[in-house]
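One structure below.
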Amino acid sequence: MQDLLWLVIAFPLAGAVCLHFFGRRIGEPRAGFLATSAVAGSFLVSLAAALPFFGGAAQAHRLTLWDWMPSIGASFELHWDPLAALMALVVTGVGSLIHLYAIGYMHGDPRFARFFVYMNLFVASMLTLVLAGNFAMLFVGWELVGLCSYLLISFWFTLPSAAAAGKKAFIVNRIGDVGFMVALMIIFGAFHTLSFTGVLDRAAEVLDPGTATAIALLLLLGAAGKSAQIPLYVWLPDAMEGPTPVSALIHAATMVTAGVYVIARSAAIFEISPIAGPVVATVGALTAFVAATIALAQTDIKRVLAYSTISQLGYMFLAVGAAGHVAGVFHLMTHAFFKALLFLGAGSVIHSLQNHQDMRLMGGLRKHMPVTAATMAIGTLAIAGVPPLAGFWSKDEILGVAFERGGWFGLLWVIGLVTALITAFYMTRQFVLVFLGEPRWPDGIHPHESPRLMTIPLVALAGLSVVGGFVNTPFRLGLEHFLEPSFHGVELAHPSENIGIFILLAALSVGAGLAGAAAAFLAYNRPAQLWEKFENSFGKIWGWWQKGYGVDDAYGAAVVVPGRKLAESAAFRFDLGVLDGLVNGVGKAVRGLAARLRPIQNGLVRSYGLLFAAGVVAVVTWMLARGA
Amino acid sequence: MLTALIFIPVVGAIVVALLPRRRTELVLPVGVALSLIPLAVAGYLFATFESGVAGYQFVEEAVWYQPWGISWALGVDGVSLPLVVLTTLLVPIALAASTSISHRLKEFVAYTLALEAGLIGVFLALDLFLFFVFFEVILVPMYFIIGVWGGERRVYAAIKFFLYTAFGSALLLAGVIALAVLHASQTGVPSFALTDLMALDLSAGTERWLFAAFAVAFAIKVPLFPFHTWLPDAHVEAPTAGSVLLAGVLLKLGTYGLLRFNLGLFPQAAVDLVPVLAVLAVIGIIYGAVVAIVQPDLKKLVAYSSVSHLGFIVLGTFALTSGGLAGGVVQNINHGITTGALFLLVGMIYDRRHTKQISDLGGLAQVMPIYSGIFLFTAFASIGLPGLNGFVGEFLVLVGSFPTLPVYTIIAAVGVVLAAIYLLWAYERAFTGPLDKPENQKLTDLSGREIALLAPLVALMLFLGLYPRVLLDRVEPSTEAILDRIEAVTTYSVPAPGRIGDVFASEGGEE
Amino acid sequence: MIELIIFVLMAAGALVGAVAVVRARNTVYAAMGLLATLLAIAVLYVVQLAHMVAAVQVIVYAGAVMTLFLFVIMLVGVDRNEDTRETIPHQRRMTIGVVVVLLGVIGFVVVSGSFDWVPVVGTAADPQLTNGTVQRVAGELFTGWVLAFEATALLLTIAAVGAIALASTRRRREES
Amino acid sequence: MIFPEVNWIAIFPEMILALGAAAMLLVDVQWAPRARTLARISFGLFVAAGAAALFQHFWLEGLAVDDLSQALPFSEMVVVDPFAVFARLVLVVVALLGLGAAWRFIEGLGRRAAEALALFLLATAGFSLMAASPHLVMIFLGLEIGSISLYILAGFGRQHPRSEEAALKYFLLGSFASAIFIYGVALLFAGTGSLNLLDQRQFLAGTILLRPAVLLIGLALVVVGMAFKVTAAPFHGWAPDVYEGAPAGAVGFMAAAAKVGGFAALTRILVTAFADYADVWAVVVGGIAVMSMLVGSVLALAQDDLRRLLAYSGVAHAGFILTGLVAGRAGTPGVWFYLAIYSVQLVGAFAVVAAVSGPASAGSPFSRYQGLARRQPLLSLSLTVLLLGMAGIPLTSGFIAKFGVFQEAWRAGFAWLVIVAVIASVVAFFLYLRVIVAMYMAESDGEEVPAPPLPIKAVLAVAIAITIVFGILPAPLLSFAADALPF
Amino acid sequence: MSLVVTPGWYMTLAAILFVIGAVGMLTRRNALVMFMCIELMLNAVNLTFIAAGRALGSLDGQLAVFFVLVVAAAEVVVGLAIIVAIFRRRQSASVDELADMKG
């Protein structure tokens, strides 16, 4: 079965190719089903291929498809180990649900089939990323998902904002990619190969801490780009311009976790560096906190979720930075469930409100959309860390790891805890604003529950959000054992095994979560004037949060505007003025010289004679000087 | 075989020129058909070329004028073979794309075929004299192509192109003469054969001067910063076919020359002067990209992007590592395909809309979805998206260059971001957003013919991106051989795998 | 001593004549100056035993050629004095510069004695060797120099053709 | 009295030309045949002279070493060496092509045709003698025979005031240059005791001169006198004005023949008699070459008349040829090859001028050439090929020629000169490009240009053939030139 | 310097005459006078030939003079013809007025 692994990628790819050429002929709903079944097929194959791991097999499976750039050890090879299997299952599993959902969501769009081309292509790319057997191929997937993200964000390209957002996403990601590429260069320089086995197994003997730190921090830069961490998170909120299923699949469940995946995958390198881990964790914790505060003040339903995603990814970074790779991956998985759920729920809301996204214009939707409301409630509780939902287990494990590491990580633990409180607050705020209270939407809109096609995935994901956490509880470390072979040789950090400490920490975080939720419920479950007053009471800081601390403007002022000025002066002043001016100046000088010399040829015989005589004098004296 | 490859286009040019004057409708089909013959021959060469082997194959040699030691010596190795194939591929496409040319079509086709002959000759020549002959003679057809069928300021651009590059070849000529004279004085036998001249014993000073003469000549052709200012003008004014061949093949003469002659003839000087070339290459990468960002004209934008891309090739070449050299050669091909396609695309929009200004476009993806799709695909190939061809060369260059030129390579990597910025921003402005200009609403999407023109290029972008071994297996033995020779005759040695600290330290030591 | 006196006199005459050619505003005076120089030089030829040459100088040059000159001067008009003010900028100054350098060169040659340095030593002792009598000169002319002599025929043909081609206008008008 | 050895073979071509010219003048007086008939006769005479030169070539090849004195007859006044034979052949080719270019001009002369043709014949004979003589006075005579013929030819287009102006300028400056040349000869005579280059070589090789001032001044003046003929700067002043004013049909021949004669004599003087003084004169010649290349290339940029442009480009070409000359004897083949190629191209270019501007016209402003490619594609194509040849684009013989002289100069240690030369040739590209721009890339002024007559077509065909064939397969001419060394 | 008149004296005189002739070429604008100056220069050449020949004991100098004379005569004929032709058209023999062609 594992030799058919390539089918995992081939299914969605074939779907994409097929729909690309024949999509329009296949027609509206069928194209979507085709795409969905491609992903689902991929899911089944992965499941089948992962069976040995469930049975406890430890041996990773490698499958080389064809050579790519043999001289740098880059080939199209697949690396199938539990980590990859888990990622593949999450991607295809959540992916198929979202595909299904999208059939309903994208109903009536003139470019319906095109949408599924990109979606299928994305799944294929993401699977390439997670199944890659070497860093080069990983980079292929890494960039291709960026491409798909670009294509899907700007799917509605006639809106200038969508086009700009897609571009922004790609470019910001590229900045991270530079880090990634440089990391690969250093890796190649050090190992003369890019293959995972060649690099990771020998990391300890080849790398000195300095080199490892360089590689790790550069990988972090790449990961920060893809996973929207400080300082490169600015693209993700804008990415919400894309259709909601895209936000759910790419910008919540799968692609953005690629950074976490890469760090987990390269754990062997991070381990060697003394500072890389703390740096990653600090970036993660800060991002988690900053994004959570920004999420507090957002009014756009999707932007709340976007900042929430950034914040949750920060948790994952905190985990992998603290060497709690399993915790990180665990949270990655649970987050995929509940964040996909939240996004799809939000999409359902937007769908029924005819594309209104402003939460201030919602309220009271619970009655109109019961399924959506219920599933969203589960999602909100899950992310708020209410036991025994999935988010509780995974977030708690992360905080537990941080707490156990102590020291600097202890401080990060505090941040994480505070963030948990804020998370609960803003998620509850969102739920209340959307589903509870008085309806505030404009006239002429008649909200309704979404079609079956969209609610089925919601229910499925809600189910996963409920049970997903049980794969790895302190009482039964299922995921830990499952992933063990992937982190062979890496020293993993664990939460304390002391059950007392666990209960204490759990109580603290659950308390924080409940406190946040309660506060939000109290603040927002009342008429609009009152909570608006509540928000205004924060004064300026609320505005800052609303604007995302003005980071976008600051980047604009610090990078984009001067960069453009620089480019313009380089292009028009320096290039045309100086360089081209020099070149043309030489030409002009020669012609000027010609014009200057021309009067010497004045047509007068005597002048010619004089010139002649002067020449005679010159030649005679020169000849004499040389010979006599 | 190789001789035939050069002469088929010449014969073709003559045949086209002799077509009856009234049958203008025949000219283009005949021209395209004739230009397919060299493609077939080149394809046969490519197929029968023994991969995995260094050294020249299909060698042909005939004495030209014995007392001067010049000979008609041709041969291909892994470095030149792909370029020959690229040339023969782009010419039919460029010709077939020239349907919008109405006046003096016959001459146009004849000049293009003559240009093809010259280009093939440059890559095949194993005799420096012969190389120079082809190197310079291609200026003439290109000059006419720009000057007669070009845009508004075509005369200025054509003359600038001619003179600027002729200045470079003047230095090259001096260098060639110097080498031949040295050879005659050292061995008593005049010779221009590359292999003979490589065996020369040059003093360090002489070697550097000659290196400089050759390098400037090729740097102008590449064009390397700061010798690039002829390129935007030439591109903007040239007709589509001219731009395609200019960017696709002509510029490669420079990088090919640097690799073949500067490294081959002056290894020690090359090793010594690596920093100079690397600095220029890196400046070119960043500078070309930065300048491309704000270009209002699509063709200019692509032109400056060429400056940036070719910087990578030069960087890889002078990194003096196997990855860098092979990456450089592969990038030559990739850039030819990608940029050729970009120019074709710009030409197609120009044929419809008669403007190349980005600001005149906008929202075109609505009326021209296929066109936009191919444009975007090509743009991503150019940006260096893995899986497409641009990435292979770029990545090999970067990974290959890092061990010897870490700092430069890291700076160069920034160019990757800039490439995304200028192309995607241009795409955003031209193809997305509302379709608000009435002139643009009537535009028609690509015709079947146009798609057929682009299809082979698009297919190659994908194929070479996924399976570059087709090239690499042929290229790498030759680049390895070049590297081995450098190691053999100089004190240079390719760094072994090591720690990053060592890498930076060794660079510090070199400078 | 006699040679010295003759040399000084004739040199003075030649120089005065030469200066007159260059300075005289009236063309006829210039021609007279040239005549003086020609005759003075003819005398110097005689002093150096170049009899035949001296005779030709007087007959052909001072006679025929100068007559031709005067004839043309008459044709062109004698009464008009040339305006010798310089109109071309820098001409005079640069001419002076050129002359100064040339005189310097001559001075250098004279002072270094190069003019008197004879490559073939001792032959000057026999004046008869260069006694240019008619027989001797003619003998050389028709033996060793016969080809050059023949070539002058071409020269004179050309001169005749040229004079006809350039100066005759009537025939052409009749034609057209 | 010692009678000199007589060998008519040595002056066979000149005899044909001179006697032919004389006969033509007499025939003209007596029977007044039509101009075309006379031109045909002249054509035949040139062909015969060429055949005679070829005959000399084979005669010389069959000559035993002991009989070498036969090649130096008439008291060594004339010489049959490969150098002279090559020069004669080049001159005959130039004259034949020049005659073709002048065909219409001569036909238009009516009764004066005989005189013009006689001058063509005599000028060729004169330059031929100049190239074939090792005797300085003989060279002077040949120079004057040729030059005076050209003065007259320049004034032949008498309906144009410019033609007269050209004639007078050419005449005054030419005479001035001749005077300087012959003064140089006199000083060389004073310095070496001989007027014969071969004797001078022997003398100079065997003597260490203590006070060579006179000799050096003489050499300088002789070089200058020849530099005038070949239009090297700064002795070129006459050339643009004369080329512009002289009848279009005759200019090509005038320009090319004078250059061939001048270079032949200059080369012979420098590489035979003064071979041992190369380190004295080579640098000076190099200096003149630099001056010529720069002045010619730069000043040509400012021209708006094709003839003046060709004149200045001729100045630059003189510089390039002098670049080959600095290599002395080793450079002689290169000089010859260049000279042969360039003079053919020059005549060809002026044939186009004659076709476009009219055979007897003065001046050829660029405006006449605008859009010529539309009106007369063959003419403009021919001119393009010839100009590219002059520019030295590879695959034209001009490139081989340039390469040859540069190579020899570099080998002789004049790398700096070669570098200046290659840069000057880039500048020179520009002026040729300007003409091509006018023809191909500018709109026509609407004036009709008549189709070129057959003789001009033939001239162009030959010139282009020589430009291209020897550009691709230079070996025959190169090896022929390689032997064209003076005794 | 001894009072014996050596060939050098003649040659010096000739050189000076030559320079004077050249100066005339450069300063006079009457074509006839310029032409006379050329004659002057040729005479200086002749004097040099004679003096050098005497010093060398060679008759070649005197023979050379003959040919210079012939050339001078031929030049005179042609030159005067040109001057006359120009004078007919322009009523002037000033070369300064002959500058239609320049640049």
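The chains carry the letters A, B, C, D and E, assigned in the order they are written, with residues numbered from 1 in each.
Operating definition for what follows: a contact is a pair of C-beta atoms (placed from the backbone, for glycine too) under 8 Å apart; a residue touches a chain by one contact, two chains touch by 3 or more.
What you see is a predicted model, and the numbers here were worked out from it, not measured in a lab.
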For chain A and chain D, chains touching each: B, C, E
Chain closest to the assembly centre - both centres taken as Cα means: B
Chain whose average C-alpha position is farthest from chain A's own: C
Pair of chains ranked first by number of touching C-beta pairs: C-E
Inter-chain centre distance, chain A versus chain E - centres from mean C-alpha coordinates, in Å: 96
Chain centre separation (chain C, chain E; CA means) in Å: 5
Cα-centroid distance, chain B relative to chain C, in whole angstrom: 69
Between chain C and chain A, distance of the C-alpha-averaged centres to the nearest whole Å: 101
Multi-chain contact residues (two or more partners), chain C: 88, 91, 95, 98, 102, 105, 108-109, 112-113, 115, 118-120, 145, 148, 152, 155, 158-159, 162, 166, 169
Residue numbers of chain E (touch at least two other chains): 11, 21-22, 25-29, 34-35, 51, 53, 55-56, 58, 60-61, 63, 67, 71, 74-75, 78, 82-83, 85, 95-96, 98, 100-103
Per-residue multi-chain contacts in chain D, two or more chains: 137, 141, 144, 148, 151-152, 155, 158, 167-169, 172, 176, 180, 190, 193, 211-213, 217, 240-241, 302, 430
Pairs of chains, among all present, that meet the touch criterion: A-B, A-C, A-D, A-E, B-D, C-D, C-E, D-E
Chain E - residues contacting chain A, complex: 22, 25-29, 34, 95-96, 98-103
Contacting residues of chain D [partner chain C, same complex]: 1-4, 11, 18, 21-22, 25, 74-75, 77-78, 110-112, 115-116, 118-119, 122, 125-126, 129, 135, 137-138, 141-142, 144-145, 148-149, 151-152, 155-156, 158, 167, 190-193, 203, 207, 209-214, 217
Interfacial residue positions of chain C with respect to chain D in the complex: 105, 108-109, 112-115, 117-120, 139, 143-148, 151-155, 157-159, 161-162, 164-166, 169, 171-172, 175
Of all residues in chain A, those that touch chain D in their complex: 587, 590-591, 593-595, 597-598, 601, 603, 605, 607-609, 611-612, 614-616, 619-620, 622-624, 626-628
Chain C contact footprint on chain E (complex, rising order): 3-13, 15-17, 19-24, 26-30, 32-33, 35-37, 39-40, 43, 46-47, 50-51, 53-63, 65-67, 69-78, 80-85, 87-88, 93-94, 96
